[in-house]
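For reference, the structures are reproduced in the following blocks.
Two complexes are shown next, each including subunit A; its partner changes from subunit B in the first to subunit C in the second.
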Partner chain A sequence: MSATPGRSSLPVAVAGVAACAAACWAFLEAESQWVVAALAAGVLAALPVLDRTGLRARFDAAVHARRALAPALVVTAAFALALVLRDSHFALLMLASVALYVTVCLGLTLQFGFAGIANFAGAAFFGIGCYSAAILAANTALPHLLAVLAGGLAAAAVGSVLILPILRTRGHYAALVTIAFGILFRTFLEVNDVLGGPQGLKVPGMRILGWSFNDPPPLPGGVEASFYLNYVIVAVALAAGAFVLVKRIESSWIGLSFDAVRLDETAAAVCGIDIARWKILAFVLGNFLAGTAGAVYAMMSGFIAPNSFTFGDSLILVSIVILGGVGNPLGVIPAALLLLILPEKLQAIQEYRFLIYAVLVILILLYRPQGLLPRRLREYSAPGPRP
Partner chain B sequence: MSAVLTAQGLTVRFGGLTALDALDLELRPREVLGLIGPNGSGKTTFFNALTGLYRPAAGRVVVDGRDLTGATPQAISRAGVARTFQRSRLCLSLSVFDNLMIGDHRNLDHGLWANLVRRRYLARQVGQAQARARELLAIFSAPLAGRMSEAVAALSMIDRRRVEICRALIGGPRILLLDEPSAGMTHDETHELMADLLAVREKLPSLAVILIEHEMNVIERVTGRCMVLNYGRKIREGSYREVAADAQVRQAYLGED
Partner chain C sequence: MDPAVAGQYVLNGLMLGMIYAMVAVGFTLFFGVLDVIKFSHGDVVMAGAFTALATLGGLSAGGVVSAAVLVVAATAVAVAAMALLGALIARTLILPLRNAPSLNTLLITLMLGLALREAVRLFYPNGSNPKPFPRLLPADAWSAGGFSLRADSAILLVAGLSAIVAVHLIIHRTRLGLAIRAVAQDPETARVMGVNFEAVVMITFGIGSALAALAGVGDALYYNEINFGMGLWLGVIGFSAAVVGGLGSLYGAILGGFLFAALQTVGAIWFAVPAYKDVFAFGAVILLMAWKPTGLIAEKSAERV
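And now, the complex of A and B:
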């Protein structure tokens, strides 16, 4: 099973993460459409090669063997990438957006990947966080760190109401409830004048303890960098925190209860597992993550409007989870990079991005239902039961 | 009241169909009761009503003197009733250990703080649980106890059945309901399974068991008393020999005139 135990796992993990970071750098720096298209084709062609040669499995095993270190490795890579690209507003904005999308998708992993609740209103919960933070930051003196927290709590609170009809339905019907909610949310924003209606709201930039995010960061040695570097730091920290949380849940009795509920509600009930309790926990925690990410996003972009929280945006979130590998928190990262950066860089396909997402999801479900990084068996924090 | 489980006039209806018709049953401590009857005679329906999956239209279910009629499956599980299913309901994509721990739900600490922050404490709990699981699996088969970290999907039919029985047993139930454990087994596997059931009998003498089974060898060897259902009604009760000799039973089962 694990091809590379012991010493060789660290270099393999480092090399793999570095290769991903280098690919991101190439994408973000590429100027011409042709170069981007060639890069995309290269990555696409590389995937089956990595599979065939067993390199992907080796990387997977190495990251697993070094799982205590893996988050630090990815965070380091993200910061290194941000520093290399420090003077490009666009590249840093993309990196921060990816980190925030990763956070939301980790929330969806809790809900869909673990507890089996298909949430097609991810963008709506993200939006609740955005609007809460926007209003709090613009109209109150609440410290912005608390405004971010409030964004998460607001999303969690709305989610804890929406969970009631979801608990009364199963499978596809529960998914329909979330779809209806997502559409309702957007319509509510458009007709609500207090929230700016279709024109949206302006949001002040983030300030934490006198650190103003919309000013260039004071780097040592007078190195200049885009102000987005501030947001990259916060967004990556948020994503890393969410990642550790989700991994800890997965490797605990709570993650096991989620799995039991997802895989067989009847058997779980007969074993004494309270289905509603675990669905509520997964849904509320997942929406909390989506809300906090939304709050940071609102302050970063400086402007929010209902058009950013459509059903289509929710579908992008779900496709990231499916592409990454349902239930594998790590898979969300490459999937978010791919699905967010590619359309931005490849203007030619931007018009058709939803079409391409749809085709992509169908192709994945047909040919690679386990996603880029398939989920592994659970290992608890204790030394495994392997003899 | 010496019975650990009593059903009185238990009735289950699906629309116009009466699947279980005023069934009376007393399960005594430490006994293994065989439940037999042709397909569709209401055996599994009876288990579903006992474990709270179906709501009885009439009648009562009493476990250890507590009325649990219409209680949730969770409450009934907490009262010490565990079961297996005729068609395996294990989580195939999870490890053997994970599946057992699903059955041990009520003995695990599910607090957020304990699970997310107190990782050493959690690791200790996992270690103890692994020892518990290994010990239980070893009653059935030593090789199986060594395969705890493998996915259930990798196991043979009989090992899956053993895991399912262990999942029911690990929480320390007082009453075990086994729904046709030999279903889908070969002749040899059925023999192995019978030995397993006798081993359980020996190691856990205080457990009371109701066993649904079509294999009459198993019924004869394992059970002390049998009950025969037909069209949702009890038609005979007694030792296997008495029941097997009964004309009405032979007619229901074998279609003899």
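And now, the complex of A and C:
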């Protein structure tokens, strides 16, 4: 057995998350391309070392032993990072984007990692959230928090159109359904003048209870900070909520049913598991998460256009899930950081980013199909304290 | 509707359907032998068209002026290059992932498609802009009333049809085809019977990719323009056609290809905004999948439990 969780779990987990946060800070602050490249190479080189020395396994065991530990640490680290980088628009925008992408990918983890429904239209559901929030915020007096909720509900509702074909098809046939939907959605946006056509829509900034998000936040002591700090707070809160929800689902009977449905539908049905019910739940809930993240994203970026919701963007979302380790909610965080921040920082490779993504994912699928942080097996006889 | 206009729509639909069917046949061949979806197929179509364009450039620079020689040579080079590429893809990406979840294969080929697309965009000279493709086929038209049949359309239709018939004959009339069908039915037993499994898979991928190259050259000759993104669209449509028709069935792929073209044509007639034809066609595909979850011509094999 690997290291037993217990006394030593807290420092290991803290050290792991802190190392990750430090790496993020270094990436976001690095000025020279060479430093960024060296950092990236260092991170990649560290991975096998962490594996070999068993440090990663210990980290895994540590966060596994205490349920609330990982989200608490990651949220703390995110806020610490945001405060350290508070005057940089760019760094905070990246942090908030990463948190929103993490939320979408947690939704995909529910669908693909748990229930086994491949969703190649993640960007489309994200886009539905964006567009509904944009329309609601611009044309109605609906409180923005409710507009975010409405974005999620809209994505879930529109996604429900696909429930019947998703339930009836399997494997590649099911993949076609979401691919066709993603393309249909984008084409529809491009030709629909009411939704701004190819030029897209402007979105007002978020405003909750008189707290205007596009003004610098009132920090105590007169400390100045970028207005993106507001969005970081909301985005990280959203991601943390989604994370806790997904982890709770995973460790409940619902998660067990999802696993059964994914691994063997026939056997699951024989055991009395209602396949349709769990697939619908995973699909709708996953789309809801994507939609809420989209709604926040729309208000944060202030402008949305069909070009942000292409098939390629859906593929990036799927790559984050695969890169992180399919079915491991914690894995999507480093994967999203890596896939979003690296190309932004390496302006020299900005042009080549899709090519590099593609090659990276191909190499991972060939040589490390289980991803950065592979999903652990369920343990029912785990020793050690339970929180 | 005026019969001449209707005839023109039908002719356009047939042209589109032929290109889609050629792409879809590739998908169905790959699915037949290995139960995998090779999503980079559309981008192989694109790569084929670009190979042909590069060959044309080289030949013209070398002083070749005869249109017939140019077309035949460019097509031959594109077909051969893509057949090699297809076999190489099978060898390096598809076969190693044979025992992985089928979604991994789907993803790795999706990513390969992205890589091919980006490679052409970045490394082909001025690759990010649409490229004019020379009009090499005779454009004499035979017309009756408002309806006109151009010679190049007729040539492309006949060429596409013969390519599909040739693939059909290879699969159903040759020893190689027998081996392909054996592998499709049961790889283990085929191996026991002395079929060289890996070679058969690579050859099948080569055949499918050669067909894709033909589709790419055909598309380029018909529209006289190619761009790095054309493959994504053709690949998605070819995949949809193969799935709607029923994966693993050659006739299903052909049926699906023409059906998709028919849907697009009907959509183009119905809607004032032409782009809605794709919304219509993909919406219809989703409905078709809900109605026939394993395609119009369902797979024959029993469910593996």
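Keep this in mind: the second predicted complex is superposed on the first by the 376 of 387 C-alpha atoms of A that agree within 3 Å, B and C clash if a C-alpha of one lies under 4 Å from a C-alpha of the other, contacts with A are read in each partner's own complex, and residues count from 1 in each chain.
Just so it is clear, contacts are C-beta pairs under 8 Å (C-beta built on N, C-alpha and C of every residue); 3 or more make two chains touch, one makes a residue touch a chain.
What you see is a predicted model, and the numbers here were worked out from it, not measured in a lab.
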item	value
Subunit A residues touched by each partner, larger count belonging to subunit B or subunit C	C
Partner chain in contact with A:A268 - subunit B first, subunit C second, else both or neither	first
Contacts of A:I362 with subunit B and subunit C, given as first, second, both or neither	second
First, second, both or neither for A:D313, with subunit B first and subunit C second	neither
Which of subunit B and subunit C A:E250 touches, first, second, both or neither	neither
Partner chain in contact with A:D259 - subunit B first, subunit C second, else both or neither	first
Common interface positions of subunit A, toward subunit B and toward subunit C	266
Subunit B-touching residues of subunit A, taken from the complex the two chains share	245, 248-249, 252-254, 256-257, 259-260, 263-264, 266-274, 377-378, 380-387
Residues of subunit B defined as touching subunit A within the complex	51-53, 72-74, 77-78, 82-83, 85, 89-91, 93-95, 97-98, 101-103, 105-106, 108-110, 112, 115-116, 119, 122-127, 130, 133-134, 146, 148-149, 151, 167, 171
Touching residues on subunit C, where the partner in the complex is subunit A	31, 37, 93, 96-97, 100, 102-104, 106-108, 110-112, 114-115, 117-119, 122, 232, 236, 239-240, 243, 247, 273, 275-276, 278-279, 282-283, 285-287, 289-290, 293-295, 305
Contact set on subunit A toward subunit C in their complex	112, 118, 162, 164-165, 168-173, 175-177, 179-181, 183-184, 187-188, 190-191, 266, 311-312, 315, 318-319, 322, 351-352, 354-355, 357-359, 361-362, 365-366, 369
